[in-house]
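Look at the two complexes coming up: chain A is in both, with chain B in one and chain C in the other.
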Partner chain A sequence: MTTCWHIFNIGLQNTLSYRVNFFARALFNLIPLLAIVAMWRAIYAGKSGDVSGYILAQMISYYLLVTIVESMTSVTEDDWQIAAEIKDGHIGQFLTRPIDYLHYRLCLFFSGRVVYTLAATIPVGLFVYWHREYLVRPHDGVAIAAFILSLALSAVLQFLLSYLIAMLAFWVLEISTFVFILLACERIASGQMFPLDILPSWLAQAVMWTPFPYCIFFPVSIYLGKISGAALVQGLILQVLWVATLYALARLVWRRGLKTYTVVGG
Partner chain B sequence: MNTPHRPTIQVQGLTRVFRTYKKKPGVLGALRGVFHREYEQTAAVNDVSFTVEEGECVGFLGPNGAGKTTTLKILSGLLHPSSGSASVLGYTPWNRLIEFRRQFALLLGQKNQLWWDLPARESLELNGRIYGIPRGDFDRRVCYLTELLRVRDKLDVMVRELSLGERMKLELIAALLHQPKVLFLDEPTIGLDVISQRTVREFLREYNRTHRTTILLTSHYVADIEALCRRVIIIDRGSIFFDGKLEEVVDRFARSKIVTVELEGSLVPPAEDLETFGRVLEQTPGHFRLKVPRQRVVAVCKAIFEKFPVADLDIEEISVEDIVRNLFLRADNPQGGGDTIFSFRRAA
Partner chain C sequence: MSEPVAIPANVESATAPQAPPGWRRYADVYAALWRNSVTREMGFQVNFFLWLFVELLWFALQLGFNSVIYLHTDSIGSWTKWEVVMLIGASHFVQQLFQALLLVNCAQLSELVHTGRMDFMLLLPVNTRFLVSLRHVDLGGFISAASGLAVVFYAAHRLNVTPSLAQMLSFSLLCGAAILIHYSLMFLMATISFWTVRAQGMVMAYYNLFSIARIPDAAFRGAGRVIFTLAIPMLLVASVPVKVLIDKLSSPAEIILLLTMSAVTFLGSTLVWRRALQRYSSASS
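What follows is the complex of A and B.
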């Protein structure tokens, strides 16, 4: 535990050198967001009432929350770093020391999240403040607690997805294609681009069985009070199951990868 | 209780084969490689056996690509051997048990484990946590090691701002904090300036003496090994070429000595006369150099004194450095070359 704390600490100090990078990234992530908000304003202007149960104010608050959740949980540099450490043999030092690589990277990931969230505070904060009338309060105490829990799980989930993609570096020279495939899936299926419940209900339900909605859409929906009661419990269980599954898979792939690394490579 | 003696490191018939993909030249070759690949098997380590006792410091000497680093990587569990067995401190390295990892350290001279953008102290602290070193011990050891290596004042400098020598010393400290029983060092002095090289060597000798740490070190500097190790294993093209005391290398491989003679005046002795003593390496008026088999050196010198007006006579022992350099030259150019002074024969 103290090891993890120290890795987190070192990660904080080290990641601080990325602060300008992070700041810029958080800032420029707002541009597509502005476009999306403008698009929805145009859509709503042409009609009265709601789109799939969202009125304009709810739609905008949805995107505000997506931005907040995203800046707190999404993976920034980790996948590239892991792949690089595999390729240049840096992981050797984790195989010879009594330390677990997955846990080590997870600690670093969390310190990265803290630094990114801090760096994003100003641009995202200003953006939210600008649209402050749309920032609704969470439904109730249960929603707050469930949101926080789900937020933490979604961070771990996104980390594990990226970790798994990065593990491909054991077998292929260049992982960027795979990273971009994952990004595309996340963009569409996580609810980052649009609320998933505007999809036809059969499609929305199918998507809910994949891990992606639990990266962003699920915590946001909890906050907005769109999911509650039995559906909330079921969703949390699914989220935990996805975390557990991907964790087990990450372990398995790591072991496989090491086998190629130590048996074939060198 | 009577426990059977077990050497710290035991290696038996270790072989490691690499499969490398042979690409045909050009675009066509690259295209062909997409569909059909030809692989070539090369044995980086070939049937290597040796044992190392506790507290020994053994030097691995050999040209680039001889298999030194591969052997160290196998012994630290980073590579699986293709066949053969190894045990380090009673563990099979490639099972990578946590208990085993707590007791040894591997330092690769070309890789760094220190955090580049942070002061070295942070990386040392991290190792302290990883190995669970109690605070008091940790402080004492950092103090002791930085003192010995003279880098006390570098602890709080960003690693990227350190010189290569300072960084290497701090890497060494990071590797020694948990007091490993076995230390594998791969080219610990590579690229260092002469003074840093000496400091590192002296430090390692002192550390080995006081802590009884078993050290296995690779280097292609003979000076490293002469300074540190009583025993040397010379490895060439994956196989052990020589394993024994450093001073035996000379007896073993240098079967001849070099006799240099300066004559009064600028006499030119007939070549056939000189040929009876040994091989003529060079000859100018009033000067010649002969390669003479060791057992004949005394007789030859006596005969030279009787036959010629000698002004000066010098008998040189071939140095380990020379032997090894020649060995390496030969490894680079297997067709021959450089074999004039030495007679090499495979040990096994």
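What follows is the complex of A and C.
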């Protein structure tokens, strides 16, 4: 635990140098979101009734929450850094030290999240404040507790997905294509572009079998009170199962990777 | 470590006296750059196909998103489903052609400065902006662009529109102007961020910004519409060419606006580039 705390602190200091980058990134991330919100406004202006149970105000609050969840949980530089550390041979030092690489990166990831969330506070805060009439309160006390829990799990889940993609650096020279493939899957299937329950129900159900909805859609739906009771418990169990599965997979791939790995030079 | 040497301001236009500049020479240089790029791409064939797959995946994702939206509505403003499909196709076409010819080079500008290789570029007897903008060609971009064009034609078929030759020529011309806007804005961002933002972040910013071109302009009102038409003309780059193809222009002024904005953004990027060169001091010496 104390080791993790030290790594967390070092991570904080290192990532602080990225703060301008993070700020710019958070700012530019808002642009497509503004466009999508504008598009939904135009759609609702031209029709009567709701969209799969979402009235305009709920639709906008959905996107507000996506923005908040995303700025607190999404992976920023970690995948590139891990791949670079594998390629440059920096992971060699972890083989001789009593620090586990996965845990080391996880601690760094959390310090990165803290810095990113702070850097994103101003742009995201302004965006939310501008739409504050749509920001609903969480459904109830249970929803708040479950939301915080699933938020933490979704951060770990997103980290593990990126970690697994970065592990490909053991076998391939360039991982960027794979990073963008993962990013595309996350965009469409995590609920970042639209609430997944506006999909035709067979498709929505199929998507719920992948880990992606548990990255964004699930915590947001808990907050909005769309998921509660037995479905909430079941969802949380599935989220934990995904985290456990990907964690085991990450361990396995790391061990397989090391077998093929050679560090050249000191 | 000696003091950084300031490069004279007129270095951009400084060419060696024994090699008179002309279209012919630039065409030769450009052909050589193409040959280089083709050779380089041949060395990474798997990577080439993977990138192609990534581009097609993102394109399919946008079309999929549009299909989901139109499950729940008949129109966005005045735009029907297949009109927006055409808009997404045209936006992809423009963006991919830009990516094929120019994007990588803009993204690498800050790296050239950081590594000091910019000095070398400045010393070569060709226009520096020409060289840094067109050094690499991304061949996959052309194939991707073709997929965008195919979607435009298919959407035209679904809309029962048969564009005339004049319409197709105007479409091509306007797409050219749109590419110029993409290039000028990206080059401007690259020049401004010489010393601050890393290339990765800049390309992300670019994709975020240009995602607006795929949204029907009718969705934007008020300040948003003014900003994304007159300051960052994202609402013109794909929608004006499409409107020409399907006879949707509200007035010819939209065409003039797109052409004017492409000239304005290009001039803007030229001014900033000149300023940046004046202030440039080498990173390596």
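Observations on the structure shown:
What we mean here is this: the second predicted complex is superposed on the first by the 261 of 266 C-alpha atoms of A that agree within 3 Å, B and C clash if a C-alpha of one lies under 4 Å from a C-alpha of the other, contacts with A are read in each partner's own complex, and residues count from 1 in each chain.
As a working rule, a contact is a pair of C-beta atoms (placed from the backbone, for glycine too) under 8 Å apart; a residue touches a chain by one contact, two chains touch by 3 or more.
Not measured: the values here are computed from a predicted model.
Aligning the shared chain A places chain B and chain C next to each other free of steric conflict. Contacts of A:Thr2 after superposition: chain B is touched, whereas chain C is not reached.
In the superposition on chain A, A:Ser17 contacts chain B only, with no contact to chain C.
By the document's definition of touching, of the two partners only chain B reaches A:Ile99; chain C does not. When chain A is checked against chain B and against chain C, the one touching more of its residues turns out to be C.
After overlaying the two complexes on the shared chain, residue contacts for A:Gly89 are found with chain B alone; chain C is out of touch. Within the superposed three-chain model, A:Ser48 lies out of touch with both chain B and chain C [touch as defined at top].
Touch criterion met: A:Thr262 reaches chain B, while chain C stays clear of it. Of the two partner chains, neither chain B nor chain C is touched by A:Ser201. With chain A used as the common frame, chain B approaches chain C to a shortest CA-CA distance of 6 Å. Residues of chain A touching chain C in their complex: 20-21, 24-25, 28-29, 31-32, 34-36, 38-39, 41-43, 46-47, 51-52, 80, 173-174, 177-178, 180-181, 184, 187-188, 193-194, 198-200. Partner chain B is touched in their complex by these residues of chain A: 2-3, 6-7, 10, 13-14, 17, 89-90, 92-93, 95-99, 262-264, 266. The part of chain C that touches chain A in the complex is made up of residues 44, 47, 50-51, 53-54, 57-58, 61, 64-65, 68-69, 71-77, 196-198, 200-201, 204-205, 208-209, 211-212, 215-216, 218-221, 224. If you check the complex, the residues on chain B that touch chain A are 16, 18-19, 44, 70, 73, 76-80, 94, 96, 98, 101-102, 104-106, 108, 111, 113, 115, 117-118, 122-123, 125-127, 129-131.
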